[in-house]
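Below is one structure, written out as structure tokens, with a few remarks after it.
A, B and C are the chain letters, set down in written order, and residue numbers restart from 1 in every chain.
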Amino acid sequence: MVDIQLQSLDLNLWFGKNHVLHDVSLPVYKHQVTAMIGPSGCGKSTLLRCFNRMNDLIPGTRIEGRALLGDADIYAPKADVSKLRSRIGMVFQKPNPFPKSIFNNVAFGLQIQGGFSKAEISNRVEESLKAAWLWEEVKDRLSSSAMSLSGGQQQRLCIARALANRPDVLMLDEPTSALDPQSTAKIEELCLELKHNVTILIVTHNVAQAGRISDQTAFMYLGELLEFGPTERVFTVPADKRTEAYLTGVFG
Amino acid sequence: MKTFKEKSFQTITYTAALFTVACLLGIIFGLFREGLPIFKHVGLKEFLFTNNWYPTHAEPGFGALALIVGSLVVTLGSLIIAIPLGLGAAIFLSEMAGPRLREITKPVIELLAGIPSVVYGLFGMAFLAPLVREWFDLDTGLNVFTASLILGVMIVPVICSMGEDALSSVPKNLREASLALGATRAETIFKAVIPAAKNGLAGSVLMGFGRAIGETMVVLMVAGGAARIPSSIFDPVRPLTSTIAAEMGETVMGDLHYQSLFALAIILFLITFVSNLITESMLLKRGKK
Amino acid sequence: MALMLVLTALFLVLFLVRMFSQGAKVLSWDFLFTAPRDAMRAGGIYPALVGTFLLTALSMVVALPLGILTAIWLTNYGRPVWLVNILRVAINTLAGTPSIIFGLFGMAMFSNLLGFDISLLSGGLTLAILALPVIINNTEQAIRSVPEDFREASLALGATTRQTVSRVLLPTALPSILTGAIISIGRVAGETAPIMFTAATFYSRQLPKGLGDEVMALPYHIYALMTEGTHPTEQVPIAYGTSLVLLLLVISISAAAIWIRSSIRRKRQW
């Protein structure tokens, strides 16, 4: 029985009067890649942001239901949100490295936690860059600006930056939609490698991508979780007619 | 421990914001506190509408009409100069000038805007006023005319840069549509673009008004010093600002004269406050803020 | 239309030429670095330079932290909303208030009520309030122009608001904030009305030794020479010279700000 690393239980979300997520119960299994697919606006990214409470930043949001990281209630009244966010890493659609050096980008998470020695930080930076398959390309220029990297490299930098916190889960929100095919392929392979150490939850617009890299697939439509299961099963014998329609390109 | 740092940072910034509000409230409170008492001595109507400004006489008079008129006249005069120059330049820069010219002119206008008013005052007093006196064969060159000239040039940058902003934020396709319908460049500018920008342009003029009526040093040095209602543009006047500045030194804290100057300040403050409010709403109407 | 621009340019040229030519006659090393002599008929303007410098520095020491913190509150906290609205009204009103009113307020509040008298302290505080709206608006704009991406990334990595502000937003916005500060310095240095009754004096024997001393100041010096001076033949040229110094000061400050701003734009990588 595989552990559930992250999950939502009957989660509902409103943006003001808009009921955006309807009773979503999604389990994310440890050391597996879970992909979320569905047409634009179906709530995939919104659900992601529920897990690390990034939706809190938008005024007028209301949550009902529960979300758990391991056993911990994400929305507990006294929850330490910063700590939560350091345990759940997030990579965004558009690579967003800080206008700082490569080193300081990756070290950021440690610098804000404080209490790490210079050596520890240095080691962690190297470890993270290696895990993100970027080390060889940048090891000689760690102090140069992150903005000087290519799009694909910047995205791997963002992955390294998130990994530096040694999170339990790494969430990626359409991480390759702004990248060229080679960079995309690289990041897909990277995910397959990373999952052995970090649970991966990826939102993607690209159905083929989900098919390529994920162990579990969740299909969302209009704020509801219509289907969830092992990728192979969902792709070959989808239980819901709408899932089948989406997978075959009828809409979305 | 972390929460302590977070909370205190939030509190510190919150306090700073409160402090800023307190500054405004303090000014308003201070003005009214020091100025309102005068109205126990002289009625509001008399203060505003009679021309009887003799605060230092044995039987002091506090009719500020001449001062208010002085402010309005000089401001109007300055707008007469600044509107054509400022809006004209704005139209030229926004609709006709090439990008290079625009690039060079914008910083120059900014520089102009930064010239201290006392320097304009010196220029007016030492150079322009004697010239005016000679040209027009007058007793003194320190009068409405000279003051309006200098003040006018002073507010041109304000009107020009805000006006240019307003004009360039008119969407390109409006111009294209107009030209496509057969209008000439000039017709497009005057019949399509300018009407579309009218709120922003009005706002820029009001902004100039506010600047001019609140200006102290130029009028103090150049407008003359006579608290009289001018009968010609070559008469000296004494607007509200220069009255306050010139007479403040002569008062004793708390006496009637002192109070009356604060009362003048209240009037001045209210005028600029209302002018600002209207400007704000014009800018909001324009859709851009 | 082009005529309008030309006319304005013409005036500017005339103005500058006159200022420079008259002022240059008096300018010299002595002028800048010695004190006035002979009942203001000769000598230099050094004390006024020092006074202006001190007043400006003091006003910035007060206004910059206050303004920057307020802008941080506006851009990162901003709750309750009614306070935001009142604050905006306050900022806009302060920005449009005539400088003489600041002078009056400064006199009533700092010199009289708080008992600071005519002093560097009163003048500096008055100028600080004058500069406050400019600094707030500029800093707010600077912070808002930092892409939202950076803030999101920072928070998603577990940084608190405070950490995001101090480690990401402020460092990124710093050059723009600096530009705004420089512009305010230029503005404050040239103001006369706020210091007329709070700090400035026509003549002081010695350089100010403490916050409680009166100071001479460049803009006030010009005004006083022209209106209180009893020997115009010697004093008008000194006024021109002082003007030239003040102009050069303000123009170079403006130019520095404009230059920094355009080099920010060129170097910007996002």
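One rule holds in what follows: a residue touches a chain if its C-beta (ideal position, glycine included) is under 8 Å from a C-beta of that chain, and two chains touch if they have at least 3 such contacts.
On a predicted model such as this, the values are computed, not experimentally measured, just so you know.
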Chain occupying the most central position, where position means C-alpha average: C
Ranking B-C and A-C by C-beta pairs in contact puts on top B-C
Quick one: report the Å distance separating chain A from chain B, using the average Cα coordinate of each chain. 55
Rounded to the nearest Å, the gap separating the Cα centres of chain B and chain C is 19
So what's the Cα centroid distance for chain A and chain C, whole Å? 48
What positions in chain C touch 2 or more of the other chains? 160
For chain A, residues that touch 2 or more chains besides their own: 82
Which positions in chain B touch two or more other chains at once? 2
So in the complex, the part of chain C that touches chain A is made up of which residues? 147, 149-150, 152-160, 163, 167-168, 171-172, 269-270
Which bits of chain C are touching chain B when the two form their complex? 1-5, 7-9, 11-12, 15, 18-19, 22, 65-67, 69-70, 72-74, 76-77, 83, 86-87, 89-94, 96-105, 107-109, 112, 129, 132, 136, 160-162, 165, 183, 186-187, 189-193, 196-197, 219-220, 222-223, 226-227, 236, 239-240, 243, 246-247, 250-251, 253-255, 258
What does chain A use to touch chain C in their complex? 52, 54, 57, 82-87, 89-90, 92, 94, 96-100, 108-109, 111-113, 145, 147, 158, 161-162, 165
Chain C partner contacts - residues on chain B that touch it in the complex: 2, 5-6, 9-10, 12-21, 23-27, 30-31, 34, 84-89, 91-93, 95-97, 105, 107-108, 110-112, 114-119, 121-123, 125-127, 153, 156, 160, 210, 213-217, 220-221, 241, 244-245, 248-249, 253, 261-262, 265, 268-269, 272-273, 275-276, 279-280
